[in-house]
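Multiple structures follow.
Both complexes shown next keep subunit A, but they swap its partner, so subunit B is in the first and subunit C is in the second.
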Partner chain A sequence: MDSIIKVDDFSFRYRDAKRCAVRHLDFEVPEGGFLCVVGPNGSGKSTLCNALVGLVPHHFNGKGRGSVRVLGQKVADQTIAQISCNVGFVFQNPFNQLSYTAGTVAEELAYGLGNHGVPRDEMVRRIEQIAGPLHLEGLLDRNPLELSGGQIQRVALGSTLIMNPRVLVLDECTTQLDPLGSEEIFDIVKKLNEDGMTVVMVDHDMERVARCADHVLALSRGNQVAFGTPEEVFGDPALEEHGVDIPDYVRISRTLEDEGLASGPVTLTEGACAERVGKALGR
Partner chain B sequence: MSQRPVADDTARDAWLVALNPTAKVASVLVLGLASIVFPSPILGALIVVALFALAAAMGYFRPFAKLMIGFGIPVTLMLLLIQGCYSPQNVTVIADLGFARLGLEGTLYALSTVVTLLTFLGGFYLMNRTTYTGELVADLTERGLPPKAGYLVLASLNVVPQMKRRMATIQEAQVARGLDMGGDIISRVRATVPLLGPVVMSSLADAEERSMMLETHGFHLNERAHTSYVVVRHATADKPLVIASAVVLVLSVAARIASVAGVLPL
Partner chain C sequence: MKIEIKDLVHEYLPGMRALDGVNLTLDGTAPVAIIGQNGAGKTTLVKHFDGILRPTSGQVLLDGHDINERSCAQWSAHVGYVFQNPDNQLFLESVRHELEFGPRQLGVSEAAIAKRVERVAKLVGLSRKLDVNPADLTPAEKKFCAIGSVLTMKPEVVIFDEPTCGQDLAGNARLERIIRALRKSGRLCITISHDVKFVCKCFERVVVMCHGRVLVEGSVEEVFSQPELLKQSYVIPAPVTRVASAAGMNKVVFDVDSLIEGVKAERSS
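Now for the complex of A and B:
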């Protein structure tokens, strides 16, 4: 399958910063792939997201080398507005996702379309299309400022998805939500990915990452410490030494292996882990 | 930001809501300008009375009267005291207050200023009650206002509630840490001052992220092609309203010229 994202030896140092925020990142994501980016705070996850949507280097000044290509085009050679036609970005704080120009959720959803000059009839069609999957039907006439954090994040996701991006980048977009709200957003994103959208998601819930991602990129202090399938990345015993968290299920299977109670590849899901524990207990 | 008025054709203000927002703004501005161009307390008072009648017909009499009286009485008293008693134009004494004499010229000037202010206030109040800001900006954008200027107008109006919410969040956090927000007004003001720093700093940080959000939503993309989801209303009464406003402005200019020429008393 062709790569929709190609990051080639990419490094970037923000202006006035002493060290590079990211160093020698090198990976590819196939079209329709689901890449989860993991790593401790300050590891460069947000810088990578910003680079995928063009905020680095167009919004944040600094020095960079290597290249980031999305849909075959170098991000550095396009404006953020041009990139926004193909790449959607959902930020961490739902309240900062609002345009603050809309009196209703429907207007908020249509904000980006207005900037792209989409006619109103088409706006109405796309709002109807997007409202269902995001459970926004009953909220379209509500003032977005009066919604809960989870609802606002769904609106933010909707206002990004409504532009029909081929790539969706989510930078810790569920961290300010309660577990239910977080799962709800994640389920929507997973469904979008199953329907063919390429997703790049920064997430701290390692169990969820292991369960859903088909590729994991682990970063630490700006360096790419691992890239591959969840089995490959979380199976690397050196990962925790870099400060990268691992799923509890991996930890359990490793402990069982260390104690000589089980062997084989690490377990990534609840079911696989339970089975491994059951075997270890002789059941 | 004013809420979008509910589309209720049976409401008493339905016809005013249905008017084009720019036509309404133009009419309010013209009415106010006319009262400046020809500053007659009697004509001004008639306009204010007409605005009261309109507010009553729309069903807004109580809040409208509260606003107009709440603003009008203190301003009138203040201007009467300053202009009525101490205006250098005063020649004819109409009352001796003991500590000062009330002059006719200053009093008329004070009254005409008050009615001009009330005309603007009342006009904009009625306009605001019946006009959705988003629709006004969409209309102005259609008429050539740069979309970025329109964004500034709308975002400025919406940032206030956002800052209030942030202030409340920070205040709750500080109260949880033992900050006393009770007591008299001075104590409360003193307790509020330390909150301003975090509110301003966090608002600036929010503005940075919000600007990124705008960029990723095509804010800088081809301004000419900008479209809006908001439907701008146009009514058959728009044109007569604008023409009537223009006539009022022309008449007020003519009246002013006539008064300067000595044909009409000001």
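Now for the complex of A and C:
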């Protein structure tokens, strides 16, 4: 399968910064892939997201090396507007995503469509299409600034998804939501991925990462410390030395093995882990 | 400080109850976590503890004094509130000024303020960033700056609203140290959190809110051994707890070490 994202020995240092925010990043994501980016704060996750959508280097200036290509085009050679036709970005802080020009949630959702000259009938159709799964039907006439944090996060996601991007970049976009609300958003993203959308997601919930990603990129202090399938990345006992969290499912299976209670490859899901614990219990 | 909540109702708009008859007593220094789905009334409830919000009906008593007896500014000397979004809390040009602001409003001497700032900056991990503009901090550091600006006031009760939001492993470990330090110094820490792993690790008492009421409260063990009840408030037990339950373990566990101990105990019995 062709790579839709190709990051080739990419380094970037923000203007006035002493050290590079990311160094020698090198990986590819196939079309329809689901990449999760993990690592401690300050490891370069948001910089990478910004580089995928062109905010680095077009909005945040600095010095870069290597290249970031999305859909075969170098991000640095395109404008943010051109990139936004194919790549959607959901910010960590939903308040950074609002247009602050829309009086209602419906207008906020339609903002990007308006900029792309989409006809009104089509706008209405797409708003209706997106409002259902994001539970925004009852909020379409409300002022976005009067909503709760969780509701605004859903509006921010909706305003990105409504553009039907081929690549969706999510930077910790469920931090304001309760666990179920967060899972609902995640289920929507997972469904979009199954329907062919390429997803790059920064997430601190390692159990979710293990369950859903087909590839994991682990960063630490701007360096790429691991890249591979969840089994490969979380199976590496050295990962935690870089300050990267691991799923409890992995921790449990590894400890069971270390204690001589049950052996096997690391477990990545609740079911597999429960089965391993059951085995240790002799069941 | 003892916080007594009696039949507390709060309506943001007439007839729309965010709190619908809350009865609760919080006392002692054992840290308390308040959990529940978005819109359950968690933040509305704790905003009554320092007078940001006033009851529509019912009573909130702090050490026997009705919350309505004093202004929010007066209560802030006793109850510190760290907002979910630090941008709503930080407004000065340096971390140092943020940490100094509260105690200075309380009339604390400059020498004592300097000592408090030094100690708190160390605890929240910002000793080297005292002269940095809070706007230039990372989101996680901003949270710690907001926490620090409340801790320098030495309130008897400290309220954190979603402190783990955006924190990594190291940030969570620092929060754990702060909560331990608060307990050691005899202060009550009340925390709103969606992070069940964090709640199980750091808190002794858990209050679960649902539709403006207290659904259940008790020790971590008491609360998380009722997964069916918790579903009503969209609370999902921690991964370790779920794994142990799915594997048919007899004991309810909250961390990997307890799970392994439980496996060993059941194997030998």
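Note that in this section the second predicted complex is superposed on the first by the 283 of 283 C-alpha atoms of A that agree within 3 Å, B and C clash if a C-alpha of one lies under 4 Å from a C-alpha of the other, contacts with A are read in each partner's own complex, and residues count from 1 in each chain.
Basically, a contact is a pair of C-beta atoms (placed from the backbone, for glycine too) under 8 Å apart; a residue touches a chain by one contact, two chains touch by 3 or more.
Quantities reported herein were computed from a predicted structural model and do not represent experimental measurements.
Partners subunit B and subunit C, brought together by superposition on subunit A, clash.
In the superposition on chain A, contact of A:Asn143 is made with subunit B only, not with subunit C. When both complexes are overlaid on chain A, the residue A:Gly117 reaches subunit B alone and has no touch with subunit C. In the superposed pair of complexes, A:His204 makes contact with subunit C only, with no contact to subunit B.
Of the two partner chains placed by superposition, A:Asn223 touches none, neither subunit B nor subunit C.
Once chain A of one complex is fitted onto chain A of the other, the partner contacts of A:Gly278 are limited to subunit C, with no touch recorded for subunit B.
Of the two partner chains placed by superposition, A:Ser67 touches none, neither subunit B nor subunit C.
Once chain A of one complex is fitted onto chain A of the other, the partner contacts of A:Asn93 extend to both subunit B and subunit C. Legend: residue contacts after superposition of the two complexes on their common chain; A:Ser11 is shown touching neither subunit B nor subunit C. When the two structures are aligned on the shared chain, A:Asn164 is found in touch with neither subunit B nor subunit C.
In the three-chain superposition model, subunit A touches both subunit B and subunit C at residues 93. Across the complex, subunit C is touched by residues 39-42, 92-93, 148-150, 172, 175-182, 204, 207, 243, 245, 247-249, 251-252, 255-256, 259, 261, 270-271, 273-275, 277-278, 280-283 of subunit A. In the complex of the two chains, the subunit B residues touching subunit A come out as 1, 3-4, 132-134, 137, 147, 150-151, 154-155, 158-159, 161-162, 206, 209-222, 225-231. Note for the complex: subunit C touches subunit A at residues 36-39, 84-85, 138-140, 165-171, 194, 196-197, 234-236, 238-240, 242-244, 246-249, 256, 259-260, 263-264, 266-267. Residues of subunit A touching subunit B in their complex: 50, 53, 55, 58-59, 79-85, 87-89, 91, 93, 95-104, 106-107, 110-120, 123-124, 127, 143, 145, 159-160, 163.
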